[in-house]
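Below: one structure, written as structure tokens.
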Amino acid sequence: MFPFSFEWIWDMDHVVFMGGLWYALTILGIGMTYCIIKAAIDACRGNDEHHH
Amino acid sequence: MKIDRRSFLSFLIGGAAGTTLSPLTWKLMDDSAIWTQMWPWTPVPEDGEASYVNSACSLCSGGCGITVRKIDDRAVKIEGMKGHPLNNGGLCILGLSGLQLLYGPTRVWTPLKRVGKRGRGRWEKISWKGAVSEVAETLGDLRKKGQSHTAGIISGSDRGTVPRLFDRFLTVYGSPNLMRTSSIIDSYELTLHLMQGVQALPGFDFENADFILSFGSGIVDGWGSPVRMFRANSTWCNTGGKVVQIEPRLSNTAAKSDKWIPINPGTETALALGIAHVIIKESLYDAEFINYYSEGFEDWKRFVLDEYGPDSVATITGIDSATIIALASSFARASKPLAICGRGQGTTPGSLNECTAVHALNALVGNINKKGGIFAVAEPDYINWPEVEMDARAAVGMQKDRLDGAGSKKYPFSRHLLNRLPQAINSGEKYPLKALFVAGANPLYTMSDSKAVKKAFDKVPFVVSFSSYMDETAQNADLILPNHAYLERYEDIPTPAGMPKPVIGLSRPVVKPLFNTKHTGDVIILLAKAMGGNIADAFAWNSYDECLKETLGYKWRVMVEKGFWSHPDFFVQTHEESFDTVSGKFEFAPKETGSLKQFKPVKIEGDKTNYPLLLIPYDSIRLANGVVGDPPFVMKSVDDTVLKGTDVFIELNPKTAGEHGLREGQLAMLSTPVGKARVKVHLFDGIMPGLVALPRGLGHTAFDDYLAGKGINFNELIGPVEDSVSGLDAAWGIRVKLAKA
Amino acid sequence: MDSALIPRGVKRCSLWQFLLFISVVGAVLLWGVYAMLLCWIKGLNQTNMNDYYGFAIWIWADLAVIAVGGGAFFTGLLRYIFGKDELKSIINYAVLIGFICYSSALLILAYDIGQPLRGWFIFWHANVHSMLTEVAFCLSCYFGVLTIEFIPLILENRQIDRVPFFHHLSHNMHEIMAVFAATGVFLSFFHQGSLGGVAGVLFGRPFAFREGILIWPWTFFLFTWSAAACGPCFTILITKITETVTRKKLVKDSAIELLAKISGWMILTYIIAKTIDTWYWATVTAPSLGQTLMDFYSNNPLYGIWILFAEIVICGFVPAAILITKKGRKNSVALWIAVILAVVGVCINRWVMVLQVMAVPVMSFDYWAMYFPSWQEIATTILPVAYGIILVGLAHRYLPVFPDESELNPIETLPAEEEETVEPPVDLEQELKPAGA
Amino acid sequence: MKHKKAKKYGMVINLDKCTGCGSCMVACMAENNVPFRKDESDKLLSITWMRVYKLTNGKPFPNTDICYLPRPCMHCEGQHEGHSPCVTVCPAVATDYNIETGIVSQIYTRCFGCRYCMASCPYKARYFNWWDPVWPDGMEKYLSPNVSPRMRGVVEKCSFCFHRYQMAKEKAFMEGRRKLKEDEYQTACTQACPAGAITFGDLNNPNHAVYRMVKPDPKHHGRPTNPNAFRLLERLGTNPKVYYLSSREWVRRVGDNYLKNESIAKKTVHQG
């Protein structure tokens, strides 16, 4: 899973597979971080204009 | 309140999330995985120094050399001994599993004395001293009453130092009743005695033969010294040697042979004579041998030519005459043909007629005592103890007739007729058996008609077992004096039957005795000493080991070094010195065998109307049917078409099964005149229609849970049939009826 | 009692009734948990699996729930990426069903493996060439996506929504949901596919083996496609069942019909592809390995050629035909039949690709192996179903799963009428508790 | 001909010699600490790294014939080295293809019991530990320290007695040698076979008996060129390192699947 585990080889297979994985995880991570931080800021500002 | 609850919840959730994300979780996860990798209940074998011990396997009479791998003082693996003349590195399935017997749960740990009724399995531990004095007392009482002849011994063998110590003990004690477990060797010994005038074991030079005509002998099913036979079979593969297998069922041997000729069971003698007919008629026999070294050929020839033409033999055997003619021709034309008999593993002696007829084929082609032929191998000469001095009581006892009738007027040539013992005890016609020792044998399992055998045992008031394992006989004994297991003791392993030259193996302790057991040889010596007088005098040794060393003399050193001793200058006898008959020649028609009378098939039990089918046993190397049963590993190798759960399968031709409305895997009831059994049906194209085959070696009631209670003991379904000349068991099968269960 | 938690504008049964319902299903759940603990503590000898059936009912259940749970990613794709706004009415429920399916799948995997405590080795010591690794990674990641998609719905619970942070969080997540949905689609494509790959790469087993592109056998694409095609049918089916049980209309017809229509075309194209695949496999792949189609469908008591007919014709072409026609979609009975057949079809497909693969002998002297699950396997397979029903019950009661429910079932219009409510046995009459009271 | 540096250990089993005696099975069990249970008659639950199959020609009496076929792990090479059916699918690298020897190993402490490798193996050579291994009291004394007993929940299989290779290498190293002699590394089954039906050695070494017996064709992933030799399921492209010899045509035919009217000679190798 990580380049430092001994199964890891720097080959196409690992780069593509793990690349795809980390890419997806990064998007999810950044997305969630963004939402949480923005929510915290919004909550502090008392911004309450939008409703569904 | 609400705020409190909320903060409490937040605390909980936050705490949980925090813990989950903390290194602790990962640490625990890792620890738990490591824990699964070394669960305390999964054993971790201790490492140590590796060493190897050469010894000999005595789990059957094959006499293979073994090399046992040890780690410190534990034996961890048994392997075949490289360079051993019999097995050269290879080993059979049973020999390979020996450690499961050594360390297994069936060992008897200490001398045991029966408590309560016999066979109930309740024992009390006793000391060796107490055990020996109890035996000595019982035997002493009998002797005092002048009933020394009512003591008997059932022994697995009569060769080697331990059986000979028993023999010596019994002689000086005053009983003729040492009975050896019977096998095809009995028939061969008798055949050699009658036709060649010698007291010898048969030895077959398989390695140099190039055409094997086997009358049902399980060459690769455990006949003879099994590993040697496997190797011989492979030799033929390389050299182009041919094997023709004659039997009604496609055994492994038949499948491995170059030609399998199915035959109506029990008609092998007729085929042998039919082949002789063709050989004589076409003058394919060894004229030199016949003319110069044989006697009675003309009479025999006339009889064979008159009665056993291919057509009439074809009718009897079910083999067409062309096949018989071709077979005879290829047998006689082969450069080193060899005919052998003894069905399956040769555990039943069979009819003497058959053995002599097959042996006559070897004589016809002149391959007696010749390379690639059959040898009469003299008894090993290394046991030369001083004659015993019998007192009056012993002399009187030894004068008595044997209980089994061997050597009697009726069966003057037979040496052991163990098969007749149950009948002799149960009928009570001669004299009762009051004390019985059982060593190296498990008669309650291996003898046919188990019920009768059990009944006979019940009539013997004092039964002593020397078994290392809690076998069927030990279970029904009054006293168990457990021998060291075979890997814990010194013992000579005499040349296995069938070997053309002497090879004596040395069994030696691979590990120190694990339990409070004692070498049977030592027990005999102690017993003799306890009885005193002439008996004690006959056993001057201090211990068995001393006796063995002294007996083997110069061979001992060689055996310790190599693990075995083989005759360095063994030579082949010439025909002039081979025969010790009255005529000094090979006797084609010894009067006693009745060969000149018409061939009479062995009359097996049961009538055709009530029992329309024939039941035959079959032997498999994966099913030990001798002194020990299958250890767990060997049981594991048994196919699921032989045993499933606790049900054994019979083999049935699909045609016969169809006639009985039976399908694969269906339950059926098997009944013979002797017994009944519930079995499962396995359809097998390789068995002659009208036959039912059941494996030997299952249906144990003793030993461990891995073996006991699985399948049926074939001996519960069959009884012995006495051969009219030898008195040996000639039964090859029994009539049977099959019904859906 | 719990009325403060129940969404505004909808009616729910009494708490006691709800608890009774939960405890009945909970009993089944506990039975499953007991069996699960047996498998964990005593080991997999509790099952009827054996060395021929290394994969059995659990793996089938796993593949099946993931296939039918495919409704979540496909509906998400249509809603967030393709902008099919009609699906707003059903997207929450699709996500919930997907969440249940995927959490069940993960749970099943947790007791299917012989060493559950080492389960994480699949990530840590990953072999990137194994389809199962791909499954594990994409499955877990996608489960994460589903959780992200499910969170806003939880946050919309009346009480939680009152917390400003949660309120904003939910809002923000909605804002960028398309990003999550797109990631979800990407992950789904691979794990659905790699589940197909699991069977398809088995070049030692001609029954399962398929050629393909690069490292991906045809089953890879067929699995993704069939999950996308049949997943929505499962969403529709569960919605229909929920509507029947609650005796109310929860989702707008337009949403159902749109989903049904797209699903119908997907099934049709899938089943044509599947037919071509089967044809090629039967006439080229298998014969090149010395086997004929009928070798795989004879000499055994269960697997006959009927199974292929059932999968492709009855559960493939038939539902496709119903769903692509307007008449079929509009006819309630036909719609019911179509979605059931489609779901059964995809389940048969997964069964075949797991259990029949194990059953078919490969060596000419080997034999067909039959298998029937032990009660422990059955209980643990029912366990996720019970868990799913409980989660649906809870979500339906406390979360605004169906945005159009109040519009479709206006309380004001039926003020005096006693109304039967919610999941529990419908005949239990309830005292109406107006929401927010 | 110079052989490649890497070794490719393989086995040749002469079915004309094999008697079906089962010694190989038990030698293997004894060597490798294979557990056993009270009832081993359900062969689908019975761990037998080496299993002896009984083949029949299916003809009625008296033309019936049987032949035994011992089946260890085939240590498949696949389409390229390491492309064994099981090695490629194991998600956790718990089964590995040793490039140096061509041996497919199983790492018990790594395996988490997903059984995908079992599903992938057409030879059914892989076995799962459904139970904790239990030896009767005292019997654990014979367990060999060279092979660790497996815990419940993991897969195991024949390793070509890899520990023997390691021990032989160690011994050679101590004696200052780099190369192993042919007889220095032999599997337990090879050694025990009373019929001498099993031959073991390096398929890349023309001096080794295994090579001479089957004459592997390097252009076709080691497909035997000896007409009496065959590999199980040759057409699947698994490229096993276990070869069989039989003079009987029906036996060779049973070794693979053939269409009804297909002749055995037509050995099309799939994917190859």
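Worth a mention:
A, B, C and D label the chains in the order they appear, each numbered from 1.
By our rule, contacts are C-beta pairs under 8 Å (C-beta built on N, C-alpha and C of every residue); 3 or more make two chains touch, one makes a residue touch a chain.
Quantities reported herein were computed from a predicted structural model and do not represent experimental measurements.
The chain pair with the larger count of C-beta pairs in contact, out of B-D and B-C, is B-D. Farthest chain from chain D (centres taken as the mean of C-alpha atoms): A.
Centroid to centroid, with C-alpha atoms defining each point, chain B and chain D lie 33 Å apart. Annotation: 64 Å between the Cα-based centres of chain B and chain C. Here the CA centre of chain A is 46 Å from the CA centre of chain D.
The mean-CA centres of chain A and chain B are about 75 angstrom from one another, to the nearest whole unit.
Counting only residues that touch two or more partner chains, chain D has 42, 46, 93, 132, 151-153. Shared interface positions of chain C, i.e. residues touching 2 or more other chains, are given as 115, 118, 121, 124-127, 129, 133.
Residues of chain A found to touch two or more other chains are 7. Partner chain D is touched in their complex by these residues of chain B: 36-37, 39, 41-48, 69, 71, 74-80, 87, 89-93, 96-97, 99-100, 102-105, 220, 226-227, 230-231, 233-234, 237, 250, 252, 255-256, 260, 262, 514, 621-622, 632-641, 643-645, 653-655, 684-689, 704-706.
Residue ranges on chain C touching chain D, taken from their complex, read 43-45, 49-55, 112-116, 118-119, 121-122, 124-127, 129-133, 136, 198, 201-206, 287-292, 295, 357-358, 362-366, 369. On the chain C side of its complex with chain B, the touching residues are 115, 117-118, 120-121. Residues of chain D touching chain C in their complex: 42, 44-46, 53, 55, 69, 85, 88-94, 110-116, 118-124, 126-132, 151-155, 232-233, 235-238, 253-259, 262, 268, 270-271.
Chain C meets chain A in the complex at residues 123-129, 133-134, 137, 141, 144-145, 148, 156, 164-169, 171-176, 179-180, 183, 186-187, 190.
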